[in-house]
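Mind having a look at this structure? Questions to follow.
Which chain is which? They are A, B, C and D, in the order written, and residues in each are numbered from 1.
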Amino acid sequence: MRSDNLLRRERLLHPLTAVSLALVILAAFVPIFGDRLMMNIAIMAMIYIILGHSWNLLTGLAGMFSITHALFFGLGVYGMSISVAKFHLPIIAGLLVGLLINIVMSAIVGMIGSKLSGLYFVMAQVGLSQTIYTLSIQLFPLTGGVTGLSMPREYLMDKSTLYWIALILAILTTLAFAFIRKSRMGTMFVALKENPDLSLSLGSNVGKWRIMATVMSASMASLAGSFYALFMMSNNPEVFSMVISLKIIIVVIVGGIGSVWGPIVGSSLVVMDELIRGIMPTTMAPFSVIIYALVLIIMAIRHPEGLISIGRSIGLKLEGKSMKKVSISK
Amino acid sequence: MLKKTIGTILSTFLLASTLAGCASSSSSAKDESSSSSSKGSEPFKISMITPLTGNNTFGGNEFKNGAELAIEHLGGEINGRKIEMEFADGPDQNATLSEFERLYNKGSRVFVSGYGSGADRTFATMVDEMQVLYLSLAWDKDLIQGKSDYFYRVGANVVDFSSGAMDQAVSVGEKYLGKDAKDLKVAVVYTSNFEHIVEPFKERAKKLGVKLALVEAYPNDTKDFVPIITKLKNTDYDILVPFQGVTDGTPFQKKMHELKYTPPLTIGAGIYYDTPVFSNLGNDITDGILSQSYVTPFINEEAAKGSKKFREDYKKKYGHDPLTHALQAYGIVNVLAKALESVDPAKWDDTKELAAAVKKLDIDYGELPWYWGVSFDKNNSNTKADKFILGQWNNGSLETVFPDNLKTKDPIIPWEKK
Amino acid sequence: MFFEMSNVTKSFGGLVANKDISVEIAEGEIVGLIGPNGAGKSTMFKTVTGFHIPDSGSISFGGKDITKYEPNKICQVGISCTFQKSQLFSALTLEESVLVGAYCRHKRKSQALPLAHRMIEFVGLGGKEEVKISKLNMFERKKAELAAALATEPKLLLLDELFAGLVPTEVELMLELVKKINEEFGTALFIVEHVLRVIMGICTKVYVLEYGQLIAVGTPEEVTSSEVVIKAYLGDDDFYAATDIKS
Amino acid sequence: MGIDTFINIILNGILIGGVYGLVASAFTFQAGALQIVNFSYGSSTMLAMYLTFFLIKEWNIPIVFAVVILFALFFTIGWIMRRTILNNTNHGTQILTTMAVELVIINLVIIFFTGFPRDMAIFEKRINITDTISVGLTQLICFFLAAAVLVSFHLFLNKTWAGMSIRAVVQKKEIANIMGINSERIMDLAFSISYLIIAIAGIMLMTMFQVEPHFGNYMMTISFLVCVTAGIGNMGGSFLSGIIIGILSALITTLLGAQFHDPVLFGLFVLILLVRPNGLFNSSKRIARQI
């Protein structure tokens, strides 16, 4: 028993140490040798890592197909920029306002998610996110309409500070994801995804856990959004766009859905995209979106039985290998 | 095993990207050192990030053309040093920001803003830290947050523009409809995308006591305009002021024509109503409609130096009449040129000196082809970019009718349909 | 009474699946429910576990009226179950799967984990904690599901066709396990089964369902000799064929 | 506001709503009958509109040929999509890949046709019913054409061999296979035919509206709205609820103001989903809640 526990603890830590190691390597190199461009790319990658974890939590673990994930991200952006630019609150308050709005919104989404499933849930999300997008344009006095709001100049941080904040946030969310995955919550999430009826009959309150998953996931995305507002120093309704939602999804799917590694591996796609843009500057923007879309389509053609399962199979392989190691060491 | 592979791939990739970063940073360092060693002989670069792809390609290309023509008219050099325009594509905010960083890495230190630059908000807070001189044409009222040494708004701001539109409506009402502000009834129709433009207009109306008989803000994806036009039909008003873009202006005007409804008087608030797209609807629709423009080359030839030359050369070079967009880009490069003229070319690479020269600029109305003058206030906003032009469509061309010193024709109000 | 269903009726549209059913189970008792295919066993099972709400009648447990409770609430008051065709949680490990049940009583992992381990040991799957459910065989999965259900510390355990699909030796082992549950935890068992023979040895009371109605109740011996029951199963040739069970 | 104004607005809503119904019916056919969720539906409509415009206005191809080319093209697109990315039954995958296709279409249109809005520049004739009440001729033609397309599609499904095979495959794939129907081919055929409907809808929309690359978004949300009110899979109902949405959208603009149009309509959409997820016209048992 005791040795089992030890082994298990080692397994729990192993990917985490690897991840933190990889992140620290990144951290050490970019600000020292990298220039502003490199730091920008790294920050974008970090943002997508955070968003990736957030989506992974909701869809990869809890099995609720979040199609308009940029909704939570955008609300985080707006929470920060409105409270700082309009109401002159401190940054921490902006963060909390973003979180608060997101908790309310995600409770609604979660509630819908505990009542509806499949296509209907997806359509309800599209409807909600359209409404919020429209409101973000129409509530001009609050949101600044299409042109958005500017953050006051005194909140400008230099690139390396932003970089470190992004790095810390990315590490924190990675740890949070790994912790949640192993905790009671994570077990319940996966259980309700795999077999909602059985989890119900085993005493798990499926509706509550669904709402919980949405709230946790939205809070993570909100964090990324609030940071993005500080990074861009402005907001605009484009943060709700479908392209961002799809990018988040692709980042996770490419890396492997349901696993801690997923978003981190997948964020290399964001880095690649930004680098390519740097090499081929003009008239490439629509191509970059097309490339993202093609990656997804090719994956679908190669695995017609379900993209979701590709991620799972990668996850299984990872776990399977380490499992063998355990049995050998025994 | 797989985990290891992924780990290896990841770290290889990280290493590769870091190396790439080092390479690019070292090359940019080389650029700088070489340019500083041979001061004055290297061409001086002015960068513009403007949408060359995406939804705003049209305006973006006009900007590019205008800036190109400006360099050509300057002879490609100022005070003996060559100047060059460098263009980059910025279809959206994110891409604009990326391109900005890329150009900065390559050594660009002087920028003029492109068409509809949504990223100018970000630049307004960023350029001081980077010591980049940025001349902006973005018109958001709250664009500049506090004092800056490097960021300048050379164009007009939206509050001046749209409250100016209200003033134009009032003066037209007084002069031609015989109604003073208190009796005037105005209907406003606009896409909710333009809320930021209409807000000051409404405030101005409140201040002047003008009654807004109908305020209709429709979503920007509205396809069916019949209900809105029906509402207009049933409203009693004197002047219709639409704030519309290409996507909604054309179907709106077409539907009005189909329903055989002509408003008593239309004053289009620029944006769409002074473009060739609108004029393509045909004289039946366009004739008689007034439009407030930002700047236009179609003004009295004596009023602004070089406006005729710009208009004619532009048409010769690009095959169509220049739009307000092209003139804006042309104008802003000319403003920068004025600043460059006042500084020794060897010192151009010192953006601090250059920024100080821009700040000191004091140019009167009519000195530049776009008629506006230049004089910056403490927030670096141009105070002399506040004169707007009211034009009237007459037989397929937009004639300037207000103000009096710029006009090419007298307005015909009310317009008699032939 | 410990567990009592009185006059429960459940219909879908025009079809009456259960009509006027009354069942009583005493504490620690092992009760069977048999009936031919389509007799309404599954409906009754789902009504008890809270997935269906009966049209009329009431269900009480430990003195509480649980007729309108949600499934998870029913589990919390002490009724647990295993499903006929459950695949359990194929992406989870055995340990995690059992933990899902253990979390019903203990919110903390430090408390739930020992319980889960005890249950895994109890069903005889010790040492396989880290194995994914998808890697287990049919028999092991059934045992795993039993462990998960036991981890909720039920006072009444419903087993829906637990023995279906097992080979004779496995059936024997499973029967031993079921008996052990009753003896060690004092859990009352309500076994829904297609074939009576399997559970004859362990039940003290058997209910027989046909066309949604209870047609007989009594000890296994009484029931097997009852003419009504034999008639109901007439033509169902696997009534006495002990192990080859259709689902 | 007079009564005739209201009649005008409602008539206008009905006529446009009929076309919405047609647009949504192909989506509901795909999602309900074929069990294929196609999120690239809106942008496919947009593509049909752009192609109509360029074939007829820019490349000056005679209308009949243009329509034939468009049909052939869309039949092929449908076929290819079904053969490559939609030959699976996983809804999650279908949604993701078709969203990707949507982005590809939008961005290809931007690259090849630029993002500039296009317009057939047809001025619609109005038919005066009374002095104050009138309807648009193009709208009227489109409305009846939409109805005719739906009726003939219905007849096709019920009367022709191909249509009956489609229905057989949709209802019982295994039995259809036993009876010698190649169910995969039939599904390809059915999906391609639904793309023909999209092409027709695109032509109609092009005569009524101007098109820009994001036109599809609007059509997609309208299709969702129509489908949800009608219940997914209910094609007759989708025509009816298209009309209801048309009237509703006109009334919201007239009575509340245009700024309330989107929030009210989308709010209603979410509400209907929560309260009556099977649609307004369906009893709750006919269609499973989980699609």
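We take it that a residue touches a chain if its C-beta (ideal position, glycine included) is under 8 Å from a C-beta of that chain, and two chains touch if they have at least 3 such contacts.
Since this is a predicted model, take the numbers as computed values, not measurements.
*Asks:* Imagine the assembly minus chain A, everything else where it sits, and name the touching groups.
*Replies:* Chain A out, touching clusters read B, D | C.
*Asks:* Please find which chain has its CA centre nearest to the centre of all protein CA atoms in view.
*Replies:* Of the chains present, the most centrally placed is A.
*Asks:* Report the chain whose CA-based centre is farthest from the CA-based centre of chain B.
*Replies:* Following the centroid criterion, the farthest chain would be C.
*Asks:* Can you check how far apart chain B and chain D are, centre to centre, with Cα atoms defining each centre and the answer in Å?
*Replies:* Comparing mean C-alpha positions, chain D is 38 Å from chain B.
*Asks:* Could you grab the centroid distance between chain A and chain B? Build each centroid from C-alpha atoms only and quote it in angstrom.
*Replies:* Here chain A and chain B have centroids separated by 36 Å.
*Asks:* Just curious, how far off is chain D from chain A if you go by their C-alpha centres, in Å?
*Replies:* The answer is 33 Å.
*Asks:* How big is the gap, in whole Å, between where the Cα atoms of chain C centre and where those of chain D centre?
*Replies:* Result: the chain centres lie 49 Å from each other.
*Asks:* Going through chain B residue by residue, note those that touch at least 2 other chains and give them in order.
*Replies:* 53-54, 192, 217, 219, in rising order.
*Asks:* Residues of chain A that touch two or more other chains: which are they?
*Replies:* Expected reply: 134, 138, 286.
*Asks:* Looking at the whole structure, which two-chain pairs count as touching?
*Replies:* Contact pairs between chains: A-B, A-C, A-D, B-D.
*Asks:* Provide the residue numbers of chain A that touch chain D in the complex, in ascending order.
*Replies:* 65, 67, 112, 115-120, 122-124, 126-128, 130-131, 134-135, 138, 242-243, 246, 249, 253, 286-287, 289-290, 292-294, 296-297, 300-301, 303-309
*Asks:* Going by the contact rule at the top, pick out the chain D residues touching chain A in the complex.
*Replies:* So the residues of chain D touching chain A come out as 31, 37, 84-85, 87-88, 90-93, 95-97, 99-104, 107-108, 110-111, 220-221, 224, 228, 232, 259, 262-263, 266-267, 269-270, 273-274, 277, 289-291.
*Asks:* Which residues of chain A touch chain B in their complex?
*Replies:* For chain A paired with chain B, touching residues are 15, 18, 22, 25-26, 29-30, 33-38, 40-41, 134, 137-138, 140-141, 144-154, 156, 158, 232-234, 236, 238, 261, 264-265, 268, 271, 274-275, 277-278, 281-286, 314, 317-318, 321-322.
*Asks:* Across the complex, what residues on chain C touch chain A?
*Replies:* 49-51, 70-72, 74-76, 80-81, 83, 86-92, 96-97, 99-101, 103-104, 107-109, 112, 117, 129-132, 134, 145, 148-149, 151-152
*Asks:* Residues of chain A touching chain C in their complex?
*Replies:* Residue list for chain A touching chain C: 1, 4, 8, 183-184, 187-188, 190-191, 193-195, 197-206, 258, 312, 315-316, 319-320, 323, 326.
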